[in-house]
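Two complexes are shown next, each including chain A; its partner changes from chain B in the first to chain C in the second.
The block that comes next holds the complex of A and B.
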């Protein structure tokens, strides 16, 4: 049963990302959106935790939220896939359920 | 006339995910009408408010970052940004919006509004204030 996990909180303000990473299983999908996209950037204090997760989980980030915040898709962690709103819908559809870490 | 007080607005939240950053700006602009000694502090996720290149063209939300450019015209010219907060987020001063004001005590020379300070210096600045507002 595959789960799409969504994280919409900054990893520096809330532990939503941390809870997601420790409560998700191999092969799942994790979508970073809204303030969650800050976790997708290179050079932050949470970069290593995200990279560790990527060894067994697929991580996505929502492009429009990256752009709104003035972040560059050139500076996201290698291997994170940027998706648009249609991609978000596809992910919701291709997984059995969604767990939203608010 | 009553004594001019030192007001500091402390910004700790990222823009867009919550309404704190925009609300802070609103209060700062209202407060600017009262001729007090105003400064803004950006710590933690608050530093993201000043990130350059914010672009709402693919989003339903409004890009309010241009409002920061107007602060100088309202004599809000001291924007303290915490160095450690930038570093924890992989950011540098060069990635923030270039914000300036015209210094009336120096023949209206254009000067940078953003001043990067250490966490210890920020604590000291907070100590020197009469009033602190947190957003």
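The block that comes next holds the complex of A and C.
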């Protein structure tokens, strides 16, 4: 049973990411989208939490939302995979369930 | 694969209805089925046909309507959320004694049971919003 977790809130505004990282289990997938993509950037104060999670969970970020915010995919944390909407659909299909942390 | 979509956020509020739109469009382009799009909470505002954004901005309501027409999407607006927010169709106007309607014909007003049914019947329920 694999679950895709989606986080669409900035970690500097809401605790959605923290809740997601706390409750999600090893082997799951986490997609950062909308303001959630800020958590994918290097040098923030949630970087270590994201990196810790990446030891047992696969983290993705929605490319169009990185671009919309004027951020660069060159500055995301190593190991985070950037996907587009087609990739988002594929992740929703390949995982058994989708849980949105709103 | 069969997807059901739930939208909890109004248009031009943040980004959820845009994300939901692009996800739905992408899923349809990939050959998946979208069995229902359910508009809940402030999401009901996505169905107002009198929405008039600036000309250089996306028209979120018409965009949904066009996608629905192209793919025969069932777009359902929660009745209780709609009543609270003044989103009205002919039936609701008559039932509640209102002098106007504002829902776009691409949408229909129905109950929460439609969300439950969609969630049960679809392979995945995708939730967008706050």
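We adopt the following convention: the second predicted complex is superposed on the first by the 102 of 102 C-alpha atoms of A that agree within 3 Å, B and C clash if a C-alpha of one lies under 4 Å from a C-alpha of the other, contacts with A are read in each partner's own complex, and residues count from 1 in each chain.
We take it that contacts are C-beta pairs under 8 Å (C-beta built on N, C-alpha and C of every residue); 3 or more make two chains touch, one makes a residue touch a chain.
Keep in mind that what you see is a predicted model, and the values were worked out from it rather than measured.
*Asks:* Looking at A:34, would you say it contacts chain B, chain C, both, or neither? Reply first, second, both or neither.
*Replies:* In the superposed model, A:34 contacts both chain B and chain C.
*Asks:* By residue count, which of the two partners contacts chain A more extensively, chain B or chain C?
*Replies:* Touching more residues of chain A than the other partner does is B.
*Asks:* After superposition on the shared chain, which partner residues are touched by A:71: those of chain B (first), chain C (second), both, or neither?
*Replies:* The answer is first: A:71 touches chain B but not chain C.
*Asks:* According to the stated criteria, A:98 is in contact with first (chain B), second (chain C), both, or neither; which is it?
*Replies:* Touch status of A:98: second partner only.
*Asks:* Scan A:89 for contacts with chain B and chain C and give back first, second, both or neither.
*Replies:* Second partner only, chain C.
*Asks:* Which partner does A:23 contact after superposing on A: first (chain B), second (chain C), both, neither?
*Replies:* Touch status of A:23: no partner.
*Asks:* Could you look at A:47 and tell me whether it touches chain B, chain C, both or neither (first, second, both, neither)?
*Replies:* first
*Asks:* Would you sort A:8 into first (chain B), second (chain C), both or neither based on which partner it touches?
*Replies:* Both partners.
*Asks:* Of the residues on chain A, which ones does chain B touch that chain C also touches?
*Replies:* The answer is residues 8, 34-35, 64-65 of chain A.
*Asks:* Under the definition above, what is the set of chain A residues touching chain C in their complex?
*Replies:* 8, 33-35, 64-65, 85-86, 88-90, 92-93, 97-98, 100, 102
*Asks:* Within their complex, state which residues of chain A touch chain B.
*Replies:* Going by the criterion above, the answer is residues 8-10, 12-13, 34-35, 38, 41-45, 47, 63-65, 67-72, 75, 84.
*Asks:* Given the complex with chain A, which residues does chain C contribute to the contact?
*Replies:* Touch list, chain C to chain A: 1, 3, 8, 14-16, 19, 22-23, 25-27, 29-30, 32, 124-130.
*Asks:* Quick one: which bits of chain B touch chain A in the complex? Just the residue numbers, please.
*Replies:* Per the touch definition, chain B meets chain A at residues 13-18, 44-45, 48, 51-59, 61, 63, 65, 88-91.
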